[in-house]
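This structure is in structure tokens; I'll ask about it shortly.
Chain lettering (A, B, C and D) follows the sequence in which the chains are written, and residue indices restart at 1 in each chain.
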Amino acid sequence: MVAAFAIVGLAGTRLKRLEWGGWVAVAFSGAALVVGVLIGAGEMLDPGRYTVVQYTWLHLGPAPGVFPNGVSLVVGTLVDPISALMLLVVTVVGFLVMLYSIGYMHHDRGLPRYYAELSLFLAAMSGLVLANNLLEFFLFWELVGVCSYFLIGFYYEKPSAASAAKEAFLVTRVGDVMFLLGIFLYFSRYALAGPAGLGGWAANGFVFTNGNQPFLASSMGGNSTLLTVAGIMILGGAAGKSAQFPLHVWLPDAMEGPTTVSALIHAATMVAAGVYLLAVTSLFLGFTSLDQLVIVAIGGFTTFFAATMAVVHPDIKRVIAYSTISQLGYMVLAVGAGFAMVGLFHLFTHAFFKALLFLAAGSVIHAVGTQDLFKMGGLRKPMRVTAAAFAIGGLALAGIPPFAGFWSKDDILGSLYSELGTHPAYWPFFLLAFAAVFLTAYYIFRAWFLAFSGDGPRDPTLPHAHEGPWVMQVPLVVLSALAVGSGLLIFWPNFDTLLLNGAGAAGIPPVFGTSDLLLSAASVILAAGGIALAWRLWGNGRVFVLAPTSAVAPVRTLLLNRYYFKVGYDWIGTRAVYTVARAADFVDQFVIDGTVHGFERMFAGLSERLRRIQSGLVSDYAAYVVAGLLAVFVLLLLVAPYLIATVGGK
Amino acid sequence: MTDLPIVGFVALSAALLAIGVFGILTRRNFILLLIAIEISMNAAILNFVYFGAYLGGTPGLTGQSIAVVLVGFAATEVAVGLGIVLALNRVKGTINVEKATELRF
Amino acid sequence: MDVASFVLPFLPEVVLLAATLLIFLLDVLHVRRTEIVGALAVAGAAVALLLVVADLRFAPLASLATLPAGRIDAVGSPTALFAFTSLGLVFQGVFLIATLLVSLASVSRPSDERGAPIFFGLLLLATLGMLLVTVAADLIFLLLAVELTSISTYLLVAYTRRDPRSLEAAMKFYIIGALSTTLSFFGASLLYGAYGTTNLYAIRLAAGPVGFPVLVLLGYGFLIAGLAFKATLVPFHAWAVDVYDGAPTDVTAFLAGGSKKVGLFAFFLVFLAPILFVRTVGGGSPFTGAAVGLGPVFQLTLGVLAVLTMTVGNVLALLQKEMKRMLAYSSISQAGYMLIGITVGTAPAIAGATLQIFAHVFMKGAAFLVVGGVAALGIGPLVDDYRGLGTRRPLLSVAFALMLLSLAGVPLTIGFVSKFVLFSAAVQAQGFFVWLAVAGLLNSALSVFYYARVLKVMFFDPAPAAPADRGAVVGASGPSILPAGGLGYGRAVAIGLSAALIVLVGLYPQPVLGAIQLAAQHFVATGA
Amino acid sequence: MLPLISIVLATLLAGTVATFLSGTKARWTALATSLAFLAEVAVLFVRYPGWPGYTGAGIPGFAEGESYAWIHLSWLQINYTVGVDGISLVLILLTAILQVATVIYSWGEERRPSAYFGLVLLTCLGCFGVFVALDILLFFLFWEAVLVPMFFLIGFWGGPRRRYAALKFFVYTHVASIVMLVGLLALVFYSGATSFDFSAVDAAARGLTGVVQAFLFLALFFGFGVKFPIVPFHTWLPDAHVEAPTGASVLLAGLLLKLGGYGLIRWAVEVLPSGLHTDQPILFAVAFLSIVWGSVLSLSQRDLKRMVAYSSINHMGIVLLAIALGSSLGLLAAVLLMFAHGIVSGLLFMSAGSVHHTFGTRDIPNLGGITPRTPALSTMIMVGSLASLGLPALISFPAEFTALLATYNGLGYWVFVPLAILVVTAAFYLWMMQRMLFGPEKGVPSDARDLPWYEGVGMGILVAATVVFGILPALLVDVIVSSPVKGFPGT
């Protein structure tokens, strides 16, 4: 069933040569949506059902050492509550973005390529969430990375787009490498050190399940250096994909791609795969407490760190991109603290309201042809739907009840807060995450006010704005509904059980909805404060100009320059590495080849010198004969007997 | 016959060989070279004679007869040498081996 | 004594002698046409070769246990002048093949009427000397037979009598040759003094020297020097380059392909005995006083000579710009390889060296025949003059390339098989000899440089703008695939035959190698 | 029983000769031969697993074996012995695929096509021979026989510095062959093997002491290693590749480098396991050096072909690493990697060749934004690059994954070195694509056309192989695993 879906997605890529290719893609993604909803609904109505389909892909035979029982690589699908949830996100957002693209991408060249790549992405992403083992997970993980690479570089004539695509691939590649090492470490951990009956884990192909039951982290137990390193490596992989500090640099640059791509890949699905990976790992494989601290630290820090950069950016898409990094930080934080389900819940809601924000931003860009917030203004009049959608997304992001973001973000903060007693080391990161709530509300409404409030565009050369076609509006409306409603899922009677079943059996504290009312109130007040500040500075067409002499001006420069991370990475990536490469090239050409040529010259010189003895004068030749005779005598009478006597024969 | 001072005789022929070889190394005139070759050849012939005499009996006779053969051979060899001298002289106008160094290196 | 029983074993030699006499007789009768005289020489060599091969074929080589009566009398006797050995027979075959190829190539050569009888007559006479060397059982007889070859070849080099280069070559050849002869005879006289006999078998069988022990080493030392001249070992090699260069190219082919092997076979006869029958010389080592086996002493000395010869030959060939001199240096280095076989001294090694010598006829001898043919096409003597030959003369170039590749020891050629057998024999002997194999292999790696350079020039470099093909008789313009175009059919056949054998034996060496192996085992087992 | 391998050899030989003689029709002869070869290899493949009862003339562990006396002397027993096992079969398949692709790709060769195609077939013949030979002399013969046609291909059809490159190639590989030959001979004679056959040598070598094994292994390692090529004996490779005509480059990277890997497995690792064990640190050091060096140097190259050539050094370094692990998992990885690299580097070299034909230069900085003008060529470059940097669903991924897994299995955290280098590998391919394929158009002549049909088909075959075996690597793995890897504990 699910495998068929992947094939449908792949087959879809082949049909895109036609003029109406976009609609074909929409149709296929619609079919996928139906399948996804069916699966999701099935899990919701009958939670705790695990459906495993599995084939052996490769049998590599036994390997003495770490894998004495042999290694099999399998492919298969595992449908469980969390994968169903993810699949729902992917198919819903995928379908809506496809639909939206019909309008948004209308004027672009290379549409067959666009739809083919997008379809391939959807197929790969679906495969990723349904994978039943780490290897398959990694396989699709790489595939979505490549799709992302091509889609970021969709406008490949633009050097900045080509460069951003490369950057995205490379930075995530760093993460991938760590991920792969993490896989190996977990492999060996469960192949050798696992409890009885689990030794065959590796032989079974590293699947998450044992028969029809999931392997769960608690059954492994224990702390070890190996497991710690493995966890850090998995975190590295996730950090690359989910753009966590310090591998966050690629995501803002990835905004070079079409906005639809940003919405689907770089907001809702692919970047969330990192969080999904962490969640899956924490549920099935287990993190040590040190790992957890590191993950919490990374997540908490990223949350705040990315939010600060969003505060000053003039580009509407990049503001949302930083926001994505920041929100992903929340999820990482939650997973790290042991609340995988909570993190996934935020992932779920975030996918909808962030896709909404992007699509709304896309609508704006479609209308005015620029991404610079400071050129826009007063757009709420000609674009009512978009303005409303952006506002709903913003409210959800800011965490204002009853919008979806409130429920999930509040849950994260609450869960973390409940852990502070046992883990005082989490305090600073809790505070950072808490502070980020304020920043989040501020920057997203700064963007809203800049774009939509006021009387008209600040740059009068902008074209007259108008709302997009219905194919663009429908997704906005649907996503708006989801941005409001998806958080309410928390009140679904089965929802608790649904997610608990993923975790409860594992013995992970099923903390869910343990929000402290006081804490919730504080965060809502903080968010409201952020919105108010934004109104104060930017509302109603105001433009807040920071005096260059102000004390915070250097901070602003620092933020605008993204803490100089990009500069530093560029330096490493080009200057440092290329210098080493040039040096190596020099060694190759002059030292190694030079040595060889030196030998050549030596022989040539020897040849030249020896040639001289061939003087042409016969008396010389006779002299050589005599010299040779004497040499033979020396050899025969002295050297040979001496050598034989000392070395002892031949 | 066995009390021949054989060491002395061999020393003599060795000296003869040395003289001949010295001549070959130092002379530049082809004719003189031929003479030097003959001198050194005679050292070998003399050796056969001494040793023949020293060994005596049938083995001794072998040496003597070899000496006779070698004398004939030496003559043949010199004749060929002279033929080359003549040809060389006709073509090059000289029999100085120093002048014949066209082939070298 | 029954004349027939004396003459019959010498049938090949007699045939050659008869042909030689006939040629000189016809000369007197003013019948000097190249075709007639050449045909006579070819016929003589061919008949002799057939007789040798028939002997090899029908003599029950396969059985080592029972030695046949008749021509092969392997044991020899302490008083005999001759001993017919199967290995000697193999060498007779090698020599006759060389002669046959050279005379075949020279048959249709445009040469002056006056020169033909001298050329072919001397060629056969030299061959006669070579054949006699292979049956020698007596040191003096051996040296005299060598001299018969030497003197004939001195004259052969000079036979044009007008070319100053040839005459210069002959002069050098003669002087160094005569000096070496002197040294050889002097050495022989010392051995005679030490052992009281000049018979090789008697020397071998003698318990020890009757005279002064040091004479033995000195005598062998002189013999090494004297015979090394013929075998072109470094540092006794200097003449060879100039002579190979200055001599008429077909004579060079004969010198390189044929007569130089005489020296090597003489090494076999003279030195294998002390190596194989490791006996001590009284008096012992000057260092320890202990008795020293002759074998190791010779092996070390010859090993040093072998390495020196290979290396110097190859290094000097590296930069040679003239084709003939390059091939001459290569020829010197090949002698070094062959000497490895003698140094190791086991039956496999001797077989390897013999095969190498056999192969060298087709590789180097035929290569010089090609050079002679190319010169007849009006192409200059420098390696660079061969530019573009590959396009203009594809077949000739391919044949030449085969010979060079074979010299370099590239597989699928006879040169590879021979080196393979030789070096594997050295490795098999283990110890010190492995290093000989390594030295040999490294040298053959070095040699690839200059062979490859010729290939590069022939096939990759563009032909010179002005066609240098003016001497070509057939197909003067444009590529000609006619094998004989301008070469003469005899030469074409000789070259083609050699190239074919290089590949055929390279692919399936069993028949040749099997015979050589038996001969070598025979040689080692019976002491000669 | 059909002497199948001899039939294949005869087919190739006849085809080669016919091609040499068929003048302007040579490409057709060559294509016919190649297709026949491919069909025969397919038969070999189909018959391979569990062909009942016939394991060859007493050659344990091999199928389709044939053995005939060749040179039998008292101390040399040399046979014409051939046979295949899983390892060789996979590499033979690679040979056949590359041969077909190369012949089609080179369809437009106008300079002396008969000689060109003849030499191409001869090279493949030699490689096939190396993969089937089970006798030391036969092996060496084919081994060397590959050099000569390649020398001519580079030297005659190559680029401006072709003579230097051809000579360098020949000399390097020839010197290595000689060391290898000494090693093999010593192997026979020191072990006292009764014949030059693999089985005999393999059996006898077990009796060698550890020191001798280690020493012999080193000699063989050097001999095979230069072909790999291992750093620091690698400098012939970039020069040879850059100057070689495209077809020759493909064969050079796709097949000739594999000879080194195959030789090392067959004649050193399997025969001298304890030698491998002793020398392992050296091998690891060399492998890591090659991996890092090849990758870092790829970064600094401007010439597309040179870049790909250096990346070959990197990939073959991983192969060496996998072999050096001395585990059956490692060997499996090595063989898979060799297959993958053969196909992918072939594709990349063809791309580089087409870039050169189309734009007159391969200088990456001088080209830019070629995709709109030559979409097919760009696609090929992308597929090749992505495959080379290990994208899943393409052939390199299962191979690299297995190799890394094996490395982790054997070396633990050291696996981080090749892993980290994966980033560098990605970097230079991405850099190349960014500059050459994307961005504003630069350096594209006005008459530039996309791939001619034959180049497209030639590359298409390789792309197909990349995808098919990438998705279904079990086709290869099952064959490799089914053959018992000789000489390892735990198998």
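In this section, a contact is a pair of C-beta atoms (placed from the backbone, for glycine too) under 8 Å apart; a residue touches a chain by one contact, two chains touch by 3 or more.
As the structure is a computational prediction, the values presented were derived from the model and not from experiment.
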Centre of all protein Cα atoms: which chain's centre is nearest to it?
-> D
Measuring between mean CA coordinates, which chain is farthest from chain A?
-> B
Whole-angstrom distance, CA centroid of chain C to CA centroid of chain D, is 42
Centroid spacing, where centroids are CA-atom means, of chain A and chain C in whole angstrom | 76
Rounded Å distance, chain B centre to chain C centre (Cα mean) = 26
Per the centroid of Cα atoms for each chain, what is the distance between chain B and chain D, given in Å?
-> 65
Find every residue in chain B that makes contact with two or more other chains and list them.
-> 21, 24, 97, 100-104
Using the touch rule from the top of the page, what residues of chain A touch 2 or more other chains?
-> 611, 614, 616, 618, 622
Pairwise, the chains that touch are A-B, A-C, A-D, B-C, C-D
What residues on chain C touch chain A, complex-wise?
-> 171-172, 175-176, 179-180, 183, 214, 217-218, 220-222, 224-225, 228-229, 234-236, 238-239, 241-242, 285-288, 290, 292-293, 296-301, 304-305, 312, 315-316, 318-319, 431-433, 446
Name, in rising order, each residue of chain C that touches chain B in their complex.
-> 140, 144, 147, 151, 154-155, 158, 161-165, 167-172, 174-175, 178-179, 181-182, 185-186, 188-190, 192-193, 196-198, 210-212, 241-242, 245-246
Where on chain D is chain A touching in the complex?
-> 232, 234-235, 293, 296-297, 299-301, 327-329, 332, 369, 371-372, 386, 390-393, 397-398, 401-402, 404-406, 408-410, 415-416, 419-420, 422-424, 426-427, 430-431, 433-434, 437-441, 473-474, 477-478, 481, 488-491
Chain C partner contacts - residues on chain A that touch it in the complex = 603-604, 606-608, 610-611, 613-614, 616, 618, 620-622, 624-625, 627-629, 631-633, 635-646, 649-650
Touching chain C in the complex, chain B uses residues 6-7, 10, 13, 17, 20-21, 24, 30, 33, 37, 40-41, 43-45, 47-48, 50-51, 54-55, 59, 62-63, 66, 69-70, 73, 76-77, 80-81, 83-84, 87-88, 91-92, 97, 100-104
